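Read through the structures below before going on.
Across the two complexes that follow, subunit A remains constant while its partner is subunit B and subsequently subunit C.
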Partner chain A sequence: MCRLLHTTLSRKGLEEFFDDPKNWGEEKVKSGASWTCQQLRNKSNEDLHKLWYVLLKERNMLLTLEQEAKRQRLPMPSPERLEKVIDSMDALDKVVQEREDALRLLQTGQEKARPGAWRRDIFGRIIWHKFKQWPIPWYLNKRYNRKRFFAMPYVERFVRLRLEKHARIEARKKSLEKKKEKFLQEKFPHLSEAQKSSQV
Partner chain B sequence: MARNVLYPLYQLGNPQLRVFRTNFFIQLVRPGTAQPEDTVQFRIPMEMTRVDLRNYLERIYNVPVAAVRTRVQHGSNRKRDYRNVRMKKPDYKVAYVQLAHGQTFTFPDLFPEKKSPDGSPGDDDIRDQLLEDQRRRQTRDPRRGGVPDWFGL
Partner chain C sequence: MRLSALLALASKVTLPRDYRYGMSRPGSLADRRKNPPGTRRRRVAVEPISDEDWHLFCGDTVEILEGKDAGKQGKVVQVIRQRNWVVLEGLNTHYRYVGKTAESRGTMIPSEAPLLHHQVKLVDPVDRKPTEVEWRFTEAGERVRVSSRSGRIIPKPDFPRADGIVPETWTDGPKDTSVEDALERTYVPRLKTLEEEVMEAMGIQETRRHKKVYWY
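After this line comes the complex of A and B, so read on.
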């Protein structure tokens, strides 16, 4: 993205919410491509931290510009800049999450940052229950003890019905795929994969 | 701090919670009604508090803040689409920040009208040429003596 003359922090704080004054009133402002995941993986953690805040300030500036454009009922100059910044920030977040996951796996062997467990809820479904932090133990916790992690016997019928519904949906999808295959086979016999493999 | 993130429980004696890479994005907006000169108006995510905003502006933007007041603006749910389903405009929090050390701020004009002196004679010439080309293409049969084509024969 094309930048101003000064690269380090500018003296005036609130000016950073606005673009370079030369760009005010322009129809288009040129900007480069967004950061890709692979480019960000080559950077150190310090660099990523600094880049996050650079992108944050740019995003704030573009959001103020967007809001002002809506207020004045005029088109925002080059709105694709905002999409590029958002994509860069998402890629940065993804890269940092990858690094944190790798560290945690190596140091502790835990796959997930937040502890949890597979439990059967009151409807008979098996869910991943995420633990919450409490200042008191679970056996003294009134709110937690009101939650039931077991299903009564009369729920088994509904579990069977849910299973049947799921099975029917899957069977319908499979039969639709088979029908489509058959139709295409009849219409375009010369394009089938069996013929290609036989031809060699 | 950050939005969409679970804050860990605080108990007496815990270290100060620090969040690297905030998730908060704020926008400076032009005030609808007249505000005092030292007041700046922001739109903030709902999860942000006035303390958060003060720290945000002081640390990231080096803006000295004297006071912050916030309110929540309800986004209208009254409009309905072609199916009579209600369309919600998102709610947002508005913050009024008063700057310290007697600084003042006026919202600038971000869309000034710009005149391009070199471009205008070129445009006029092009327009004249196009009009002349159109006139030349539309010359009718000279034997009709200037009578329009609406009349038969």
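After this line comes the complex of A and C, so read on.
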């Protein structure tokens, strides 16, 4: 097929934000299933790298389509395509993270990628403080030194009150569980025999 | 928070704690009309059945034990696990009007009412009688439903996929990966990160030196 007119769009590369012109105006567009984690685990790192950008461009195209459909107040043709692309990208991210985690555990033994430490904040809580990257050491950093990683003595009372609050919440949950069990026993008496037989 | 996560949160349907599951899909127009925000209905007792013990699937033939259509056999079309409900095709129906306007009554259609899991029984495939079913393992190690009376295996029925794909009559579109390419194994485990491998493959040399940063 010879093209007599040459659109400027193709030279700038913007046509990748839009679907194949054959699909413009269609009500439904056929699409396959999303990539599963197991399928992605069999692929090499270069393949995953290429696939990520292919999926990214497809996602951008579908998001443009979604926004345009909202603007025109029309239903988007086949919105499940976007969900499938998002699922595939999440699965890819998960697989890459798994590989990175495995390598890091093997080589260094570190469980977390980002360094951190358990510290007590000014409210007396023990929190996992995630480290940030700074260009200057901590003793020269004005903003960092304004943060207090210690609790004054008057905070101990509030720590005790917080413990009590958590204890009460746990106790309430437990008693709710017991009440639910009792209610279910009344309604479905055969449950207890089934449980006992399955445990034995 | 990441923008994609924020958008996903906005589209996800959050149901109230004591939401009562009905025949309509939660979040649909009909459900929002029936249960507007702030609706509090009496809680229904639902017998807790674990996913391993549940034996009724879409596409199974079951026989109704009690109710209007007792004794009839039908195919399961929908399973609502939250209420232990099973909806059969064309059975246990009541009639209602659809497409009602101010002037006309609309068209009367039969609409199926759900049945609880103990009001139906799976049907033995060979002698077509209702049987109790147990989960047992085959010689191969597969977990299958076996009828207690005759010991025959009841296979899991074929039901069309929710996304409408029929694997037998599928042709790949221009953007789909072919089956061989998707299943091809190209992964060779090596002690290199993805970034290092990609840089090797693309021939990128990193000559920049990493400046000292402090982590705290």
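Just so it is clear, the second predicted complex is superposed on the first by the 181 of 200 C-alpha atoms of A that agree within 3 Å, B and C clash if a C-alpha of one lies under 4 Å from a C-alpha of the other, contacts with A are read in each partner's own complex, and residues count from 1 in each chain.
Convention: a residue touches a chain if its C-beta (ideal position, glycine included) is under 8 Å from a C-beta of that chain, and two chains touch if they have at least 3 such contacts.
Keep in mind the model is a prediction, meaning the values are calculated, not measured.
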item	value
Touched partner set for A:32, first subunit B, second subunit C, both or neither	second
Which superposed partner A:169 touches (first subunit B, second subunit C, both, neither)	neither
First, second, both or neither for A:127, with subunit B first and subunit C second	neither
Subunit B versus subunit C as contact partner of A:96, first or second or both or neither	both
Partner chain in contact with A:57 - subunit B first, subunit C second, else both or neither	first
Partner chain(s) touched by A:49 [first = subunit B, second = subunit C, both, neither]	both
Touching partner for A:13 - first (subunit B), second (subunit C), both, neither	first
Touching partner for A:71 - first (subunit B), second (subunit C), both, neither	first
Which superposed partner A:24 touches (first subunit B, second subunit C, both, neither)	first
Intersection of the subunit A residues that touch subunit B with those that touch subunit C	49, 96, 133-135
Interface residues, subunit A side, partner subunit C - complex	20, 30-33, 35, 39, 41-49, 58, 80, 86, 96, 99-100, 103, 106-107, 115, 131-138, 144, 183-184, 187-188, 191
For the subunit C and subunit A complex, residues of the former touching the latter	4, 45, 47-48, 163, 165, 170, 172-177, 182-188, 191-194, 197-198, 201, 211, 213-216
Subunit A partner contacts - residues on subunit B that touch it in the complex	6, 8-9, 11, 20-22, 25-30, 40, 43, 57, 60-63, 105, 108-114
In the complex, subunit A residues that touch subunit B	9, 13-14, 16-19, 24-26, 49, 52-53, 56-57, 59-60, 63-69, 71-72, 74, 93, 96, 114, 133-135
